[in-house]
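In the two complexes that follow, chain A is the common piece, with chain B as its partner first and chain C second.
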Partner chain A sequence: MIAQMRPNRFRMPRGEAWRENFYGYLFISPWILGFLLFLAGPLVVSLGLIFTEYAGFRKITYVGLTNIQELIQYDLRFTGSLRVSAVFAFWTVSLAIIISLIMALLLNQRFRGHVFFRGVFYLPAAVSGIAMTFVWAAMFEKDYGMFNQVLRIFDFDRIGWLTTVEWALPSYIIMRLYGVGHYMVIMLAGLQSIPEDLHEAAKVDGASGLALFRHITLPLLSPTIFFLMVVGLIGSLQVFTEGFMLTEGGPARSTLFYVLYLYMVAFIERRFGYASVLAWLLFLIIMGLTLLQFWLARRWVHYESEVA
Partner chain B sequence: MVFRELSLPIRLLFYLVLVAAAISILYPLTWMSYTALKTNQEVMFSPFGLPTSISFANIAEAWRTGNFSRLYANSVYIAVISVIGVITVSTTAAYGLARYHFAGNRALFLYFIIGMAVPTQALMVPSFKLMAILESWAKALHLPIAFLNSPLAVILTYMSWSSLAILFIRAYFMSIPPELEDAARVDGAREFQILRHVMIPLAMPAIATMTIFYFVFFWNDFLWPLIYLQKHTLRTIPLGIMHFEGKYVSLWSLQVAALSLAAWPPIFIYILFHRRIQRGLTEGALKF
Partner chain C sequence: MRTDFRLLTSSWASPRLLRQAALFAIAVVIAIIMIFPLLWMFSGALKTKDLLLEETVINLIPPQPWQWRNFIDAWTTMNFNRFLANTLIITATSMVGGLLSASMVAYGFARLRFAGRTLLFMVVLGTMMVPPQVTAIPTFLLFHRLGWLNTYLPLIVPFWMGGGAFYIFLLRQYIMTIPTDLDDAAKIDGCSPIGIYQHVILPNIGPALAAAAIFLFLHSWNDLWGPLIYLTDENTWTLARGMLTFRRTLAEAAHGGGIAQYQIHWFLSLGAMTMLPVLVIYLLLQRHFVSGVVTSGIKG
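Then we have the complex of A and B:
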């Protein structure tokens, strides 16, 4: 048997095809089962629900394309919520990328205490969630909140952070940017994967610091930046908890995020059919962004191997 | 750019920026933590000042009135079982995908993409319905299993979110040289023994990273317990916090104490494991 072994081969040495199939399927079967039952199944069911009116009880009525028609032609809350989520996603992602890039460039230097600072900057990612949301609500509070206290020191007027139309959405953007350390860690990894000798060679050729950044660091970092853009976009399109806890879409629907609206249609208005249209649209948007990510990823790998 | 070559004022400016950023990040968390340890009078008169003495009165009061022992028990139960489930499923699947050339192995990669692209919120309605159907089947068969208003519904849903862990652990398995398995096979080990005694110990860094990551994620999740668990005895910490904050709106000190009780465990886990979490995430992002 030892004579048969070919050490560098990937497959099993005794590998008859049926064994590969048998053990392969055996090992992946729990995953496939769970996937079909709790992910693919519900997804297909909601595709069917698109064409129905259904309140969660026995009666399901087939209504054809009425739900889709309503979505396109009449639903102002839908267009509003799409806009709120898009504005929110645009600002959080672009600001997060700029801030995390600056932070990563700073932390990429070798100086005393960089491990400490990296740990601190990433900390909010671990505690995001409901407790943090309420802490933020306290910070944004109009009379005693920290933000308005600071404004008072500089003699500015108080701002109704979560209670006015113009400031409610920016408040959520600030809240979201608190988790920027997550971006920073990945940005830092991207920076550290850039080979040191490229910088050295450019410096020998007399490139200044800014030119170095513009022509070497930034292009080589672009895969990481695109990755963060897509992942960040997907994440911020799914924002729900904060909005559900604090403003419930108000004031004047200025914080009615897409998933929040989806939740309201489903579990408050109990219009499961219509909610499924919204759910599938979200799925298609995010699927599209994910495929874009995979497609771009393939191109970057090619690009990097060309450089190296 | 070498840090030591920079002039002193620039280095000082550099530290100033970092310290300012660190303070603004730590401030909300420290404010929450020390406010929870203040007495009511102190919270009233100087809501943002430092405490002059440490008092556990509000923590104890929040623990009692918020029924935190039950909330903790529920949260720990759901998070621990779900993590064990999702990691077991992911590790076996990752091994199957990394090491066996079964028909359709490559095609299954599309599954990952779908699995990761599905916004789980889009599944709220049919998942809820699915649990109702499973409940009625269990009743028809006289099985003593509840799906509605039961932690089981949350656990099963969490367990199906294995795409990230599979991708991550699979990549790690593929970096392990196959000679080690071959050696074990020569010694007469069976497939499951190889996974259990050779591969899992070797892939422990990846598995541990995913365990911590998923634990914190399940611990903080709010939406799925909200949908599945209506009975107040089943509430997890996020749900409990929501009801607590609604009930004691005017009692700020008590509210903040409850928030601290919810936020401290993940902070503690993070402080213990932050290097591993960061290293793991970094590797994962680069492999992706």
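Then we have the complex of A and C:
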């Protein structure tokens, strides 16, 4: 009787299995359609485009490996954009992890009002977007901007934040770090998943605050830090909106982010074949990063299950 | 949220009080750094341009008279009414489509035992690794062939097809936490999976739908890449696309005609207006906002 009411997990009657298959595929059919039309299909097409020269409207020419050769041997904008993105990603992610760790440790102390402060710390991350990017344009402005206003009050010289080679990329890093709340919220969740009794036990054994952090908090937090590294790196490699809105790669290509360059080659220069090489390289870099980090994670990340 | 019993049991000796005060002070400093740019924006939006250039102290409360006309002046430099309407249409239809299709797909993956489910779900997760830029060119060519350029469709239709792996994952994780007893009871009452989805799953995944709705809204509201590629006709522009041109023309005016042309107060009033909906949603739905980030990680 009960067996009839609850379908057996391992062996279903033939009709039941057919029914589950039918409804299963019915429900995921939107995704299957979207996957074929907007992901798998385009992925294959862009792989094919790598070996062509194509401007979108006229005829398509097979050029073999010429695009790849050009990328490796002659394209200075490509190597430049790769360097810009790498420098940006490195500084953004490492600083964001350090700052968010400090903020999360602070909030985890549960002093009076910590819930309110969590809300305030996350606020800039929540409102980051097109409007905030727009406001950053104003804040970095040389004559009226907030940063130079503050400098003026303290009698420092104005800085051409977005208009000088040495300050443009650091300006972007500052801008990104303002949204550190994203990292902080996840870091805080990681901290709160560390069992309290571990700290208590170590304290009973006479561990100091620093030893506690070094030997208990940090190892147990490493999966979270690792996750933030992967996601943060991938996110900062894909910066586009800010770059296109504020500097368009200038001055002197010092902020020509990789995806910005990709966009320009594809949709301004209309070199779809060559842009596909760039796109696939980005895909491979992101996939490689993810896999490398997963591989590294197994060596140094300390998962909680290993403790138990 | 756990209660810190040490606080309740130990006496309020002065070192503890001192520690509390120190922590509080650090938090206040960070909070000021975080909130200052926003205050600068909102106050600046109500100032004259000359005041922004000349003031030697940053007045976070703008001196009278408040320049409410900045908002109107900035809004009327371009057809921002049209841009707002376009943005609202695109955002609303993407949200509806995304929530509907992603919850359906998520239900399928969470509850229905069809052949190849595990493999297909791994594919769903794998697609999160594919940056949208890789598929952009063929997708552009496809929409071009379909004659969909300068329509809302390229920005809406993909959301009706599962909405993206992120939303499917978010909703599936939540559906997994609903006890299957409810499904079984409905099944005994003669409900088909469609009925279960409609009467059991949908009413019970409110918080996850709220989180997904927030992210869908933010995506469409902030998207510049899509409108830039698909919308060249000014009548179809979204707010983000319009703001790009606003920024470009004003920045060029600044280079050509000196700083007198640079209407920075308009930047601030326009920024404040477009940020306001996001800010209101954050203040009202903060819990869902943060829970979505935590369950599924940060996006880009």
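In the analysis below, the second predicted complex is superposed on the first by the 276 of 308 C-alpha atoms of A that agree within 3 Å, B and C clash if a C-alpha of one lies under 4 Å from a C-alpha of the other, contacts with A are read in each partner's own complex, and residues count from 1 in each chain.
Heads up, the rule we're going with is that a residue touches a chain if its C-beta (ideal position, glycine included) is under 8 Å from a C-beta of that chain, and two chains touch if they have at least 3 such contacts.
Just so you know, these numbers come straight off a predicted model, no measurement behind them.
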| item | value |
| --- | --- |
| Joint occupancy of chain A by chain B and chain C, clash or fit | clash |
| First (chain B), second (chain C), both or neither touched by A:S193 | first |
| First (chain B), second (chain C), both or neither touched by A:G232 | second |
| Which of chain B and chain C A:V150 touches, first, second, both or neither | second |
| Contacts of A:G209 with chain B and chain C, given as first, second, both or neither | first |
| Which superposed partner A:Y183 touches (first chain B, second chain C, both, neither) | second |
| Contacts of A:L262 with chain B and chain C, given as first, second, both or neither | both |
| First (chain B), second (chain C), both or neither touched by A:F294 | first |
| Which superposed partner A:G129 touches (first chain B, second chain C, both, neither) | both |
| Shared contact residues on chain A - chain B and chain C | 5, 12, 20-21, 23-28, 30-31, 34-35, 37-39, 41-43, 45-46, 49, 56, 103, 106-107, 109-111, 117-124, 126-127, 129-132, 134-135, 138-139, 144, 146, 149, 178, 181-182, 185-186, 189, 227, 234, 238, 240-241, 244-245, 259, 262-263, 266-267, 272, 275-276, 279-280, 282-283, 286-287, 290 |
| Interface residues, chain C side, partner chain A - complex | 2, 4, 7, 20, 23-24, 26-27, 30-31, 34-35, 37-38, 40-41, 44, 49, 52-53, 55-58, 101, 104-105, 107-109, 112-115, 117, 120, 123-124, 127, 129-131, 133-142, 144, 158, 160-162, 168, 184, 188, 192-194, 197, 218, 221-225, 228-229, 239-240, 243-244, 247, 251, 259, 262, 264, 267-268, 270-272, 274-275, 278-279, 282, 286, 289-290, 293-294, 297-300 |
| In the complex, chain B residues that touch chain A | 1-3, 11, 14, 17-18, 21-22, 25-29, 31-32, 47-48, 88-90, 92-93, 95-97, 99-103, 105, 108, 111, 113-119, 121-127, 129-130, 156-157, 159-162, 166, 178-179, 182, 185-186, 191, 195, 216, 219-223, 227, 237-238, 241-242, 245, 252, 255-256, 259-260, 262-263, 266-267, 269-270, 274-275, 277-278, 281-283, 285-286, 288 |
| Of chain A, residues touching chain B in the complex | 1-2, 5, 7, 9-15, 20-21, 23-28, 30-32, 34-35, 37-43, 45-46, 49, 56, 103, 106-107, 109-111, 115, 117-124, 126-132, 134-136, 138-139, 144, 146, 149, 178, 181-182, 185-186, 188-190, 193, 209, 224, 227, 234, 237-238, 240-241, 244-245, 259, 262-263, 266-267, 272, 275-276, 279-280, 282-283, 286-287, 289-291, 294, 297 |
| Residues of chain A touching chain C in the complex | 5-6, 12, 20-21, 23-28, 30-31, 33-35, 37-39, 41-43, 45-46, 49, 56, 103, 106-107, 109-114, 117-124, 126-127, 129-132, 134-135, 137-139, 141, 143-146, 149-150, 152-153, 178, 181-183, 185-186, 189, 196, 227-228, 231-232, 234-235, 238, 240-241, 244-245, 259, 262-263, 266-267, 272, 275-276, 279-280, 282-283, 286-287, 290 |
